[in-house]
Every structure is written in C-alpha cells, then in structure tokens.
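What follows is a set of structures for review.
Here come two complexes built around subunit A, the first alongside subunit B, the second alongside subunit C.
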Partner chain A sequence: MVERFQEIKARLGVPRLIIIGFVLALFVTAFATGMPIGPLVSASLVRIGMNGTLVLAMVPTIAAGVGLNFGLSVGILCGLVGALISMEMGLRGFTGFFAGILFSLPFAVIAGWAYAVLLNKVKGQEMMVGTYVGFSSVAVMCIFWLLAPFRNPEMVWAIGGQGLRYTLTLDKYFGKVLNKLLLVSIGQWEFPLGLLGFFGILCLLVHLFFKTKVGMAVKAAGANPRFAQASGIDPDRTRTVGVILSTVLGAIGIIVYAQSYGFLQLYMAPQMMGFPAVAAILIGGATLRDARISHVVLGTALFQTLLTIALPVTSRVIEGDISEVARLIISNGMILYALTRRDGREIA
Partner chain B sequence: MKTQTAVLPRQRGMDVSLFKKNAVPLLFLVLCVLGVMVSGMDARFLVYEVLTRFARNSFLVLALLIPVSAGLGLNFAITVGAMAGQIAVIIITHYQIKGLAGLAWAMLLSVPFAVVMGYLAGMVMNRAKGREMITSMILGFFANGLYQLVFLFLVGTVIPMKNRSMMLPEGVGLRNTIDLWGISRALDNLWRINIGGIWVPLGTLALIALLCVVLHYFMRTRLGQEMRAVGQDRHIAEVAGIDVDRIRIIAMIFSTVLAAWGQLIFLQNISTLNTYNSHEQVGTFAVAALLVGGATATRASIWQAMVGLLLFHTLFVVSPQAGQALFGIPQIGEYFRVFVAYGVIAVALALHSWQRRSR
Partner chain C sequence: MAYALEMRGITKSYFGNTVLKGVDIAVKSGEIHALVGENGAGKSTLMNILFGMPVIHNTGGFEGEIIVDGQKVEITSPIDAMNLGIGMVHQEFMLLPGFTVTENIKLNRELGRPNIVSRILGKKFELLDMDQMAKDSRQALDKLGVDIDEWLPIAGLPVGYMQFVEIAREIDKSNMRILVFDEPTAVLTEAEAELFLRAIKRLAESGLAILFISHRLDEVVGVAHEVTVLRDGEVVGHLPGSEARVDKLAELMVGRKVERPALPPRKKEPSDDDIILEIRDLSVDMPGERLSGFNLKVRRGEIIGIGGLAGHGKVGLANGIMGLYPSSGTVLKDGEELPLNNPKEALRRGFAFVSEDRRGVGLLLDESIENNIAFTSSQIQNRFLRQRLPLESLQVRDNQAVRQYALEAIKNLDIRCQGPEQPVRRLSGGNQQKVCLARALALSPEILFASEPTRGIDVGAKSLVLDLLVRFNRELGMTVIMTSSELAELRMICDRIAIVYQGRLVGILSPDASDVEYGLMMAGKKRAEVS
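Let's turn to the complex of A and B:
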C-alpha cells in the first residue's frame, strides 16, 4: 500500500497530488453540504471546453524546444482582431464564429512568424522576452483599439463614434454558438458536446500534425537541436513552425473562449491570459521540455474544475471570494515549481 | 599635421562607440524632449513632478543593482520586498505610531520580514539558475497570491485583529485603501527647501545619496567583490572557493530589504496604501527605469539608475498630455507609457541576449 502510494507520488509529483486532493476535497464538501453535483460538473465541462484550446497552444512551443509560450497574448490579440472584423461585417452565428477564425489566421501566421524570428535570436531567454513581447503588444493594441477604423455603433463608444469599447457583447454575433451546439441534458447534468467536440477535434489535429514529417522534425529538433541539425533539420525553421502553430492556436483559442464567455474583452484584459494556460498544462504533467495532448486534457480538466467549483463550494464554508486568490496561488505556484525543478538540462 | 590625422580617426571611433554605448538613454532623451515640447507643459510643474517621482522611486531602482552584479539578472521579485514594507506599514498604522518615529519603526519592522522573504527568494533563485528573471517575476506573482490570502482572509479570522478603520465592515480582511496620514510625508517634510517655487525634499534626496555612497563602497568590500566574482562567472567563483549559492542568497536578501525600505519611502510620499495593488507594478517600473538608463541584465551602475529614473519619469509625466496634444485622446498617452515600460524591458532583454549569443 505504502509502495503503491510512493509509486503514484513519484509519477504524479507532489503539486499535482495536492491539486487532485483539493479537487476531491471540494467535491466531498459539496456533497456533504448537500449541493447538487450535476450543475457543478456541467459548469466545469463548459469551462474545460472554453479554455482548452488556449492550453493546447502551449504544446507546439514546448515540443519545438522554445519552452512555455508566455507570449500567448500575441496570438490572442490576432484572434481578437479576427473576431472584430467578423463583427464589423455583421456576421452572425456559426458564420461569424468561423469567419472570425478565418480572418484571424493571416494575422496569426504573420505575427507568429515575426515573434518566432525574435525568439530564435534570444535562445535561452525565450520565456522572459516572450512575456514582455506579449505585454508590450497588448499595450500597443490598446492604442490600436482607440484608433481602429471600426464603425459598427455597437462596438465603438456611443460618444465620439471612435474607439472600441472595453467589452463587447457577442449576443447578436457568435455568442455561445459552440456552447449551445449539441447540448445534451440529462436531469441536472448538461454535456456541451459541441464545445468539447471542437476542442477534441483541435487536439486530434495537433496530434496528427506531430505524426507528419514536419511535425516529427519539429519534435526531433526540440528534443535535441544539435542532433537534428546533424540529420539535416534546421532547428530555427522547426522552432518557427512551432511558434506559428502556437500563435494560431492562441487566436482560435480566444475566439472559442470569447463565444463561451459571451463577451470580447479588449484593452488590458488579454495581458495575463497566457498565464493560466501555462499553469494548466504544467498541472497536467508537462515540463519545460515535454508536453503531450494528454497533459493538455488532464491539466485543463483539473485546473478548470478546481476554479469552477471552488467559489460555490467554499462560499458555503467561508465568506468572500477565495477563488481568485486560489487561482493566483495555484497557477503561479505551479509555474514556479516547473521553473525550479531539477530535472535534466538547463534550457539552452 | 601627421599627428592630427593619426588622432582624428581614433577620436571619431571613440565618439561612435560612446554613442552606441548610450544608445538607449539617448533615444529616450530624444523622446523626452519631443514629449515635453509637444505636451507644452508648465516647466515648473514638470520639474516638480519629476523630482517628486525621482525621490519616491529611487530606492526601489537602486534595490535592483546588487542582484545584477551578483549575476541574478533583474530582480523582478523586489515586489516581495515591497510586500514586506507594506506589512510593516500595516502594523504601525494599526498601532497608530505616527510621524518620523512611525516611519522608522516601519523600516525596522520590515527588516525581519524582508530578510526571511529574501532568503526564501534566494533559495528559489538557486534552483532556477539560468532562468532567474522569469522565475523572479513568477515568484512575485505567487507571493502576491499569498499576500492576498493573508490580508483578505486570514486577518480577522486566524490573525486576531480588530480595527474598524482599516478592515472591511464584515471584520475579515483589510480594506482596499488604507489612509497613511500618520506617516504622510514624514521623511519628505523632514528637511525641505523652496528653490524657485519648487519644494525640494532634501531629506529624502540625502537618504538616496547616502544609499548611493554606501552601495559604491559596499561593492569594494570583500563581500561586494565576491558578489562581482559570482556575477562574472559562477563556475570560476566556485573554483576560487566562494560559496556561490550563499552569495546569491545574500544578494537577494539585500535587494529585498532595500526594496522594503524603498516601498516605505514611496508610501510615505503617496500617503495612501492600496492594500492589494501598491506593490504589483513595483518590479516592472523599477526594472524599466533602470533599463532606460542604459543598464542591461548583467551590468547596471548607480549612474544608469539615476539617469534612467529621470528619463523614465519625465516620459511618464508628459505622455498623457502629449497624447492629448497629438491625437486629442489622452488615453493614447497613457497606453503609450504602459507600452514604453513593457517595451523597453522586451527590447533591452532581447538586445542583450542577442548580443551575448553573437559574441
């Protein structure tokens, strides 16, 4: 029994065990205080589908050897631009949703490429430079939102007719289109199959990508750049592919997130959005050098379930909203743990 | 004639390298001059504002110098030190210790907190060699979470504290803003003189000058030399018999204590404590100011800190009005200065690691 536990501990690591224990404790508390479990699980499933794609965006950069993509906001900003163009054209429903993704792709590819060129020049400091490239892009885009030539009266400030509002309501556009797709409800339990299916398809596509020739090269060069170079792969090129793919997934991810949330958040809102995604994949078991789709799914499920049910459950026991503080401690604690782990080489 | 031709090229070469060395501060000097011209600000107001900001932010920027020389890079975790300062300020406000005595007590009380936190931060840094900067940044965020846990949920429940003016009406957690009238400008008003209609806080400036002198001589002591040796090359220092990990922890402790005091100087000037926000941007702004002065992650001097502080804060003061004058939208200037703070960090770090790689 003790040996079994030691084995599980070694496989999962202490932080992950604590988080799993925490989630279980929350469910037990919910059950003990007589809360219905169905709505809690349903809400968690929505949050998993909502955030999953952003977490998935971490896989290509880690696989390519660039590390955690702290500059995910670069992709997020491209997604926002795509969504805004779709709204400006007055596209609704699924047309609006897919048009938003389509419009964001060229921006994401170009921005991702430029971001990759920079990251290739600063090997060893990608995470730090990435963080601040993300932060400064968000600030530049704040100025863009103020000056951007959008004219849809529902998007710009009522007074002056210029400058986008802080948050845009998506009700009339593509709000909740995926959430409502194939929503199966059994009693109190609701399963957003469309939302989860979309996330599943993207996971599958990324998985298949790493089975292609290009994908294998990205992985090989990420694991050992010198060896890959010797076998004719240019690591800078595979890193570029990884960063572009991550940026594109970030763009798609924010559109999925926004449709689920029902609002498009502009200005400083995207600044910290990359951090929960980084934390989630680490909670799932990824390290700075190794990330798999299973880490994405497990990490998103654990982290989002925890965040979703923490507020309603803990509010029965203690006063105030502890979930925001819990999110800060858990996500940054997890990133800190990953950065200070003594497993293998220093990032080169 | 011959000597002249021989001398001239060398001089020109020197000029170019001087320009290249100071490219960043020069660029910001140009930006500042343009900003001042465009904004059309009253000169006296501008000088007063920049001087005030210089006085209240210097300590925090100077707190960054020791970790840089010890090879830890830019210590974004000075936010942790700022939190130690805030804990002390909360304590003295609770016990209503006022005036200069209150500030002195706060400085004293912040030391044990800062030493323990700096020690822990140093241990974390030693486990993250090669990626200290990102780790220090995340450490700051993490500590912020713990800080919020303590002051939002543990105060009034686990920590028995009762104080109507400082706490939320429910009796658990501190208010978002706490009035620091007790120590308001305690240091600034200690010794201030009026020069041409501008109040100059000489006391605060004298303290900053004192810290500069102490830092200057500290780097020439044995401990300071060891820090520099560790900063130059960890492995050689190790071979030379220096306990590298210990030196790095000491550097983090010094930095954290100085940051705690820096935050106290900042708070006595501002006179209100935003319990959950005052410390958040401390790291970013201090690092940005230092980098504007031309410092890098491996080299930072007192002069760079001073020049950077003046340029960064001049730009900070004039940006909103410049944005208003240029585009008719003051928010543009505000976002522009946010961009400058983040952008200068991104560019400086990128340039630095680029240069190091190409060498």
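Let's turn to the complex of A and C:
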C-alpha cells in the first residue's frame, strides 16, 4: 500500500497530489452538503473542452525550447480576427465555426512567424519578452477593433456605426455549436462528447506531429540545440515552427472557447487569457523543458474542475465567493513555482 | 639554502582513480622551477592541492605534506595559500575590462585616505588614495620591466599586456614569495612571450620562488633552473636546467611503452594515390581549439590520428569540417569542394561525427537509445520514416524499422542496457559512446570523425570503442579520422598520426616513431630541426 502510494507520488509529483486531494475534498464536501454531483461534473467537462485547446498551444513552444508561450494572446487575437470575418460574412453554425478557424490560419501563421523571429533574437528571455509581446499586441489590436472595416450592425456600436463592440453575442452565429454536438444526457449528467472529441482530435494531431520528421527535429532542437545542429538542423527554424504551431493552436483555441462561452470578447479581454493556460499545463506536470499531451489533459482537467466546482461548493459552505481568488492563487502560484525551477528538471 | 616551497609525497586519488603518486617537488627562492607534462599528467591537480581548492577537499583530501619556508602548513582554502604568500597567475585573465590598470592591480586591496565619515563609519568609507595606488602599480610594473601606462583601461590592451597586469597584481602583494604560472605563454605572441620570459627572470632575481607550468619545452629550457617532469601522476624526471634539453624532456614527457596489437589486414592498403579528403588552408574559429591554415590529405580507407596538446586545435578540425564552428578554407572530398559551415551538407556528403562533447553535443540525454540512434539518419537521409505522404517533412517515424535497427546495433556494438527504450542519460559513459557510434553508423558514412572517443570512459570500455573503430574501418571500409589526447591509443590503431601545433600541421608520424619524435613534434619542432 505504502509502496504503491510512493510510486504514484513519484509519477505524479507532490503538487498534483495536493491539487487532486483538494478537488476530491471539494467533491466530498459537495456530496456531504447534498449538492447534486451530476451538474458539477457536466459543467467541469464543458470547461475542460472549452479551455483544452489553449492549454495544448503550450506544448509546441515548450518542445521547441522556447518555454511557456506567455504571448499566447498573439494567437488569440488572430483567432478573434478569423471569427470576426466569419461573422461579418454572416456564416452560421458549423460553417461559421470552421470558416472562423480557416480565416484565422493565415493571420496566425504570419503573426507566429514574426513573433518567432523576435523570440529568436532574445534567446534566454523568451518568456519575459513573450509576455510583453502579448500585452502590446493586445493594446495595438484595441485600435484595430475601433478602426476595422466591419459593417455588420450586430457587431459594431449602434451609434456611429464604426468600431466593434466590447462583447459580441454568438447566438446567431456559431455559439455553442460544439457544446451541443453529440451532447449525451443521462439523468442529470451531461457529456459534451463533441466538444471533448474536438479537443481529443487536436491532441492526437499534435501527438502525431511530434512523430513526423519535422516534429522530431523540433523536439530535438528544443532539448539540445547543439545536438540538433550537429545533425544538420537549424534550431532557429525549428523554434519558428514551434512558435507558429503554438500561435495557430491559440487561434483555434479561442474560437473553441468563444463558441462555448457564447460571446466573443474584444479589447482588453485577451490580455490575460494566456495565463490560465500556462498554469494548467504546469499543474499537469509539464516543466519549462518538457511538455506532453498527458500533461495537457491532466492539467486542464484538474485546473478547470477545481475552478468550476470551487464556486458553488464554497459558497454553500461559507458565504461568499473564493473561486476567483482561488483561481488567481493557484494559477499564479503554479507559474511562480515552475519558474523558480529554471532548469525544469527537478520540478516535482 | 632552504626551500621556499616543498611538496612531499603528494598522493591524490579521485574515486579510487589515482592521479598523483608520491610526487615530490621543491622550489628555492630566487629560482625558476619548471613543471612539465602532458595533459592529464597531474599538473593541475598538484596546483589545486597547493591552493587548497575545494575540489580536493570535497573528494577526500590528499596524502603528503606541504612545507613553506621549512614549516609544515595546512592549506585548506585559497585564502590560506594567499596568506602564506603563494600567488597564481591564471591562464584566463581575471581582470575587469572597464577599470584602469591601477584599479585592477589594487582590486580589493585599495589604499584609502581617512576622512571624517570614515572615522565614524569605518574603513570602508575611506577615499581612495589614487596617487599612492598608482605609484605602487608603477613599481610593480617596473619590476616586470614593462612599459604600460598605469592609467589606461584594461579593455583595449593587447592580450600580452593583460598578462603583465595580472602578474603585477600578484607581485604587488607585499608578502608574495611563491608565484605559480599556469601555461602563461599559451595566449601570447612570440614577441610577448619573450618579454614575459625576461620579466619572470627578473622576478626570480628579486628573490621570488617561481613555479612555471608549461608544455612549451623550448621556453622551459631557456629559463628554468630546475625542471620536474610529470607523467601519469608520477615524477619521471628531475633535472637541473643546465642539463635539460628539449628532446630529453620530450622523451620523458611522452615515454610510454606502447603495445601495438596486430590489427586485421586490409585487402588494399591506403596510399597517396587515392585521396578521399583534401584539406587546404583550413581555419576554424573554435574557442580554445583554433585552427589556422591547416593542411592535410587523408587517404581512402585509412585510420588517421590527429594528435597534439590541448588548446592547439586538434579538436577544431572535425568541428570545423562538420560545420559546428565558423571555418574558412577549402575542403575537397573526392575532389569535390565541400561547402563549409553547413552541417547538413557535410552529413549528406557522407561525413559523420562522434563529438568530443558526448553529453553536450553527442546525445539527447532524455531520449531513448533507439531515438538517439535513428535521429540523425532520419533527418538527413529520410531513413526510418514511413514514406506514405508526399511531403517529406510530415512523414511519420517508422517505429518498427527504428526498433529493429536499434536492436541490431545494441547487439553488434554490445551496448549494455535494459533495452532500446532506456533513456541514454542512465547509461555508463562507455555505453553512451557506443550509442554515439551507432548513430554515426546509421548514416553509413564514408568518413567518420571520432573526437576523443575514449574520453571519460573506463579502461575496459576504451578498448571496446577502439575495437569498434577498427572494425568500422576494416569491415566497412570507412575512413576514420580520430582525434585523441592520448597518444598511446592513437599509436595503437592509427595508420598515420598527424600532429597539430598552434593550429597548424607540424608533421605526420608513423605509429612506430620514437617517443622523442612525438614529444618534439608536439612541442612544435619539425623533424628536420631535431639535431
């Protein structure tokens, strides 16, 4: 029994055990106070599918040796542009959803490339620079949202007819299309199979990517640039590939997120969206040098479940809401914890 | 006359591996004592002991005693050594580039002038007495007989002058009695070196005891009053300066009976009629191992050794041709020019490289054995890929082919492991090296560069690795260019051995050439000059 526990501890690491313990404690409290478990689980599953792709976007940069992509906002902004174009064209349902992704791709590739060129010039400080690239591109895009030539009356301000609104409702466009796809209900329990399936397919594609020739090169150059060089690989190029892939996943991620949320949030909203994703993959056990799909799945599941059930459960036990505070403590604390282990190897 | 410094019966082992065996050395005041020996002879370990470096005490200390001015002393830290008046001039300069010569000489020993604040708050608040400091520096520089303005900043001084500032700093310390120079002339030009040698003669005349570590034998012969030769951790010779001659020292330094095993015969012996690789005027900018104007012709099917002392550029050759460090010149393979600074092209043209930096360049430590073996060849030759997609870079790894090849390699090269999925980090040095060799072999190269292939692996594994190189050469007809600091192993398996000195080829020796010839060539003397 003890040995078995030691083995689990060694495989998962202490931080994960603590968080798993915390999540379990919340479920027990929920059960004890007579809350229905079904809706809690269902809501958690939706949150997992909703955020998973953004977390997945961290994998390529870590594998490429760039570290955590704190500038994920770059990809998010490209996704938003794609979604807006799709809305402007009046595309609805799945057509609108996939068109949004399709339109965002060229932007994501170009922006990712430019971002990578910059990151290649600041090796060793990618995460710091990335954070500020994210912040400043959000600010620049604030001007774009005001001046962009969108004409759809449901998107622009009612008065003046110029400039996009802060929050756009997706109901008539592609809101909840994935959430509703293959939604299986058993009593109070709901399983958004379509949403989770989409996330699963993307995970599989990223996994396959790292088995291809170029994917192996990206990984090798990330682990040991000098080894890669001796094998005829240009580490700068593989880093670029990693950053572009991450940016593209960020763009897809925000469209998945938005359809699930039902709204498209512009202006300052994307500023901090990368941080929960960073926290989630770290909670899953990734380090600054090693990230696997399993870290993405485990981390997203733990982090989002925690956030989803913390609010209803704690508000039942103590009056008031600590979920937002808990979210900030956990996400920022986890990032801090990971960054203090620069080498990334000894992280528990 | 009493000795200023005596070290008696110094024995030191690292983890059961004895690196110094009963070394005795004694230096008189006013005398220059030279310590010579090959790389790994134990010179640096001896100096680490003298300076009480932590690396010695963390590994179980040493046996023997150190006597300064007739008194037995315990030196447990570099500060103890400093207090006893033992100083060291480092190989790398420890100078602040933005500070002036004076400031550097007086660094951390500044002279102060008391003022009101310092009377209340203590010595740290004294103002600097720049004039006095400059005067002291001037005096130290004059003692060396060099004419450097003490007000100049370090940045921008020629390298040789930096060396003098470094020395001036040591002799400015008032209690300095014993001064150690570790390869002081390695970075100097010839004119600077001459100036330097004159300076240390003056220092000795002023009464300092000087311990001079070098492997430039001609310098040693010129200045030393006494010479001690170290080989494999033992004193193999001790002679007065008047009897020291370059060839004698060289023989003592290298001297080692080498058993050359009978190597399997070839169908056709390599000859100058069939040149596979011609290197003309190659310069490689590899820090610490620079090559400049290197020329060599490599015969098809031979094992050629590249020897020479550390820092003279032998390692730069392979790294340069493989495109890992900036290089210029002409490299012809089969008469065709190889584009330089392009690792991919070098690999495509049939070169493979086993790096001297096994853990840094040679391996992906956290990847499995099979991934390491298959990696380069899948990137360069598209081997081990499932060729279903037309787009080459998106072809997926063929796990089955990789596994099959890895299992074969593990068997053929006798890699001791738990299986092809074991991460290479957990393998022993020798087995890691075999993985590196297997990775090179997967490329089916025509020319294999093996840089220091036996460095840091145990004796048994060494001979296995050497056997593998011979097998690659004899069975697969691979031309092997092997670089090694261990002359003995070069002489064991090579057909010819090229000696590099200061970035250039000095000459090519047969493995049966005498120790004297090797010693001299490694000290930069051509055969014709031997008389």
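The rule is short, and it goes like this: the second predicted complex is superposed on the first by the 330 of 348 C-alpha atoms of A that agree within 3 Å, B and C clash if a C-alpha of one lies under 4 Å from a C-alpha of the other, contacts with A are read in each partner's own complex, and residues count from 1 in each chain.
The criterion applied here is as follows: a residue touches a chain if its C-beta (ideal position, glycine included) is under 8 Å from a C-beta of that chain, and two chains touch if they have at least 3 such contacts.
Treat the numbers as computed from the prediction; the structure is a model and nothing was measured.
After superposition onto subunit A, partners subunit B and subunit C are found to sit side by side with no clash. By the document's definition of touching, of the two partners only subunit B reaches A:N332; subunit C does not. Of the two partner chains, subunit B is the only one that A:S136 touches; subunit C does not reach it.
By the touch criterion defined above, A:G232 reaches subunit C but does not reach subunit B. By the touch criterion stated above, A:V74 is placed in contact with neither subunit B nor subunit C.
Seen from the CA centre of subunit A, the centres of subunit B and subunit C span an angle of about 70°, rounded to a multiple of 10.
Applying the stated contact rule after C-alpha superposition, one finds that A:A251 touches neither subunit B nor subunit C.
By the touch criterion defined above, A:L146 reaches subunit B but does not reach subunit C. A count of residues in subunit A touched by subunit B and by subunit C gives the higher number to B. Legend: residue contacts after superposition of the two complexes on their common chain; A:K121 is shown touching subunit B, with no touch to subunit C. Here's the short version: in the overlay, subunit B gets within 6 Å of subunit C at its closest Cα pair. Those residues of subunit C that touch subunit A in the complex are listed here as 322, 324, 343-348, 353, 355, 357, 360-367, 371, 375-376, 378-380, 382, 385, 392-397. Residues of subunit A that touch subunit C in their complex: 208, 211-214, 216-217, 220, 223-224, 226-227, 229-233, 290. Those residues of subunit A that touch subunit B in the complex are listed here as 70, 118, 121-125, 127-129, 131-133, 135-136, 138-140, 142-143, 146-147, 163, 268, 275, 318-320, 322, 325, 328-329, 332-333, 335-336, 339-342, 346-347. Within the complex formed with subunit A, the residues of subunit B that make contact are 124, 127-131, 133-135, 137-139, 141-142, 144-146, 148-149, 152-153, 157, 170, 172-173, 327, 329, 331-332, 335-336, 338-339, 342-343, 345-346, 349-350, 352-354, 357.
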